[in-house]
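Think of it as A, B, C and D in the order they're written, each chain with its own count starting at 1.
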Amino acid sequence: MEQPPRPPRQRREPEVPEAPVALDERGTALSALIRDVLKEFEVEVGAAVDEVVVTVKPEDVSAICRIAKDDPSLDFKYLRCLSVVDYIETLEVNYHLFSLDKRHKAVLKASVPTEEPHVPSVISVWRGADWFEREGHDLFGVVFDGHPNLTPLLLYEGFEGFPGRKSFPFHEYDEW
Amino acid sequence: MQVQQQARTADTIDLMINMGPQHPSTHGVFRVVIWVDGERIVKAEPHIGYLHRGSEKLCEGELYSQVITLFDRLDYVANLNCELAFCLAVEKLMALEVPDRASYIRVILCELNRIASHMLFYGVYGLDVGAMTPILYGFRERERIQGLFESVTGARMMHNFIRVGGVKEDLRDDFEPRMAVLLEELKQGIEECDDLLSQNEMFLARTKGIGTIGPTEAIDFGVTGPSLRASGVLEDVRISEPYSIYERFDFGVPVGTYGDCWDRYYVRVEEMRQSLKIIEQAMAQMEPGPVAANVRRIARPPKGEVYVRTESPRGDFGVFLVSDGSDKPYRLKVRAPSFANLQALQYLLRDAYVADAVVILGSIDIILGEVDR
Amino acid sequence: MTVVQGIYYALGALALFVFLSFMVLVLTWVERKALARIQMRMGPMRVGFHGTLQPLADAMKLVLKEDILPSWADRRVYWLAPLAVFIPSLLLWAVIPVGRDLVLANLELGLFYIVAISVLTVMGLLMAGWGSANKYAMLGGLRAAGQLVSYEIPFIMAILAVAMLVQSLNLETIVDGQRNFAYILVQPLGLFIFLTAGLAELGRTPFDIHHAESELVGGPFIEYSGAHWAVFFLAEYINTFTIGALTVLLFLGGWRWPAMPFDGFAHSTLSVIWFLAKTYAVILFIFWIRGTYPRLRIDQLMAFGWKLLVPLSFVNIVITGIVLFYGWPLWTLTLISLVLLGATFYAISRHQGTRLERMTVTVHSFRGTRSEPPVVQPQPEAALED
Amino acid sequence: MDITQGRGNTPAESIFERVLPNAVTAKSSELFAHARKSSLWTLSFGLACCAIEMMSTHMSHHDLDRFGVVTWPSPRQADVMIVAGTVVKKMADPIKLLYEQMPDPKWVIAMGSCATNGGPYYRSYSVVMGVDHLIPVDVYVPGCPPRPEALMYGIMQLQEKILKDAKERGATSQAS
């Protein structure tokens, strides 16, 4: 019993609402401050929900992070999180920063092409970035230039592919 | 120091010892390779990933309501705290108002879970330093808390109780009397546990001044939670970036001095008392009302991204949620506190004895489920 | 030696072996039950009445288990090690009287023999550590060697002080010497040294650094399985029993004190029971310590041994000698001993624990959001340097 | 002379059996089985979430010691391996090794749905779909995680299995 293939259903693209921006006072002050401190670099300051988003060029990441940590008015001593998001054509590396003294927060974003993802390592700025970068290399194949030891952390030697990426088969099942 | 230098110049080689993945005190399947010179550690190299289950990837294929099950199993000692972090992230994205009663229930359960988690730490830490009884006292308290959890959520560990927009269902009628009994028992139990171990001479000898880390280094390594507070930094997400309804409670934040193993241990013991305080206040303030906001069964948060920090028993538990407007998260990154805390291990293990390695590892209280995810 | 004597000794040795094996079985049951009581548990319940047959089941299972020889092991050393541990522990009992006249060989140099034989255990542990070709086992073996050799000195010295009081090395004479008062009343310091050093000799908590289950996963015995492991187990429990028995004989008046109003056969029987009861009391005390205390680290253990117990044991000998030489009444010895014991406990609480202050955690209270920046307390580095 | 004897599961007669045929030996094998079932020492080996419940089962409230079950840290002294938690591909080899290191006779309990078939991590790229792909399993305990009572029931089932094996195989009882 072979069923005839169904014609692809025509569907209206659903309207996707955007999350509203709700920056508090601290956030607005910070976005002005960041524009001021990072004026030598080509940065784009925006906002997502309640965080200041700073989009930077991948090659500037290391220098900007250094400034962000050492500048007394920014004072991002604490790297909350380092994550990689796969947007098919590009991989976006996110640095979530937080200042324990001033209690303001920001996200640094750098987009790199999926074919050749290279970002300078920030391990010299925050030592805590070490394993986060290794994880990013493991799961997404982002090469963090300058990282002393980019060996597999979560996966084992000889694992094929980058399982975090969208192109990796989702429910890949093989009998073990 | 000089003696050590001389010893190093002698013609010896360091002995490599592999601890783990199966070792009674690696707290799961953690592996650390240490090189020792006699009984002193020269170098240590942690290896993780023996419990990497691909949760983050699996989350991308689940509905928002289903993701909670996977979050339960991340930090499997503090399940409710993980659930809360995820639900807060989704709610923030959807700009949802959570009913008051639901928030109170969440806080009460999360603080109970914090006590349960610290009780596990207390017991296992006793085992690490070689005392075999504390673990049984710790688990006695845990068992009591789990009994209450069971009556509320229906499960001992994997609750799946905190949902987007509220909680699954209202508390049962017998909750308040049970809670009153439990609070009394816990108060007594915590004091008993404290008496049993904290000021024991041998315990002090084993943990005081061992594995110290200063505030600057701790922040640099991304150490958070009790381990950071033990180094003398007053940083608690519940205070510095209050989430849910934590700003309504009056509670203390214990802070250590030296950042050694004993401080890390005692900060946790003290935190249990403070959690009890929060629970008492919450019980007094809670009023009847709805327990869930009006959310569609299949939640579709708007497009956007959000990062939420919560204070889990192990530290700053962050959830980075990227949504593309569909019913499944586009990307979910979990910032696990144990993962970051564990990075400091190499630093902590410098110049320690082999026996101290176990004590230091125990004091940062890792849960492999969230380290490897 | 005649044939009859030979048969007598052989039968005696066999009886002793059976007795000791039985005692070990009882001991394991008592330990599990006692620990269970401390830990609010029941302990073994299913095998026999209240788990009384549990040790038997364990023993039978262990003997039936596969014996594994690790491929890299040093064969001969590996197989000989259990015997090297077990035989000395058995030999010790040749001179230990279980009750009045109940002793295999009533040696004049009984204590000397005990001291000489008890040192041999180190060899077996080292052999086990080396033969297993396992790094944990090796570390455990070396730890055991260091620990046992260092604690041998206070152990012997504590025995010596008792021998000085009686002017004899014969165990029966020592017990007879306690017909009026047990030596615990004269030598409380000696008892403390003896029991502490004895615990270290046994490798029991808080001195179990060579087993150290949370670090070394069982130390020298890590690779042994089945019957060979059972032999180690047997030896360990026989040793525990030995220390308990020696404590009773040397300090608690053996089967004598307080005296019993019987003679003849009734006295002999009751003396054995009385002796065993005392021994089990001491052993329960040892188990109690096991259930309570954490483990010491190797350097702390060595420091405790060499800096405290060894000098203390010498002082003990000297004061005993002075009191005996000048013929002072014995209660002066009690007094001096008690004062020294008090001083020791004071010194331990001052120095063994920690140089840092005891409470270093402070609680900062808040209501709602914190407005000021986080407190970063300066770390007092000077206190840590030492 | 029966040619089938001395092969595979039916080893040749021992002298003991020749001298005292059947009556005593059959009973003795059952006696041994009783001994084995009453002293199941487990390998303390927790992988993930189920390890916490396994520990709970050992603690005062449930107290596995009542059945003579105690944990040993070294595989050499263990009889039962309770695989409590998700088995990851990276962990596969260590598990096999641990199983090999245990002396015969040995048993395996797969605790929880992860160890049984992958559980909630079914078809994840790094998870083994059940520990029975690696080592033979005697008892499966379902649940995520199983309650302590369930684990206790599993252990009782194992005890029954040991007895039954001894009865069925008679004199040549060799659990494997």
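Everything that follows uses one rule, which is that a contact is a pair of C-beta atoms (placed from the backbone, for glycine too) under 8 Å apart; a residue touches a chain by one contact, two chains touch by 3 or more.
What you are looking at is a predicted structure, and each value in this text was computed from that prediction instead of being measured.
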{"item": "Shortest contact path, chain A to chain D, counted in steps", "value": "1"}
{"item": "Most centrally placed chain, judged by C-alpha centres", "value": "B"}
{"item": "Chain pair that, of all pairs, has the most C-beta pairs in contact", "value": "B-C"}
{"item": "Centroid distance [mean C-alpha coordinates] between chain B and chain A, Å", "value": "25"}
{"item": "Centre-of-Cα separation between chain C and chain B, whole angstrom", "value": "40"}
{"item": "Chain C-chain D separation of Cα centroids, rounded to whole Å", "value": "35"}
{"item": "Distance from the mean Cα position of chain C to that of chain A, given in whole angstrom", "value": "60"}
{"item": "Sequence positions of chain A contacting 2 or more other chains", "value": "100, 103, 155-156, 163, 168, 171"}
{"item": "Per-residue multi-chain contacts in chain B, two or more chains", "value": "23-24, 49, 52, 54, 57, 136, 140, 233, 235, 240, 372"}
{"item": "In chain D, residues with contacts to at least two other chains", "value": "59-60, 73, 90, 125-126"}
{"item": "Interface residues, chain B side, partner chain C - complex", "value": "15-17, 23-25, 39, 126-133, 136-137, 140, 197, 199-206, 208-209, 212, 214-215, 230-235, 239-240, 242, 247-260, 262-263, 266-267, 270, 274, 353-358"}
{"item": "Residues of chain D touching chain C in the complex", "value": "31-32, 34-36, 38-39, 59-60, 63, 65-68, 72-74, 76-77, 79, 101, 103-105"}
{"item": "Residue ranges of chain C touching chain B (in the complex, touch as defined)", "value": "35, 38-41, 135-136, 139, 205-206, 208-209, 212-215, 217, 290-300, 348-349, 352-356, 358, 360-370, 374-380, 383-384"}
{"item": "Complex interface listing, chain A residues touching chain B", "value": "14, 16-20, 22, 48-51, 77-81, 83, 85-86, 94, 96, 98, 100, 103, 105, 107, 126-132, 139, 152-156, 163-164, 168, 170-171"}
{"item": "Footprint of chain D on chain A - complex, ascending", "value": "155-156, 163, 168-169, 171-173, 175-176"}
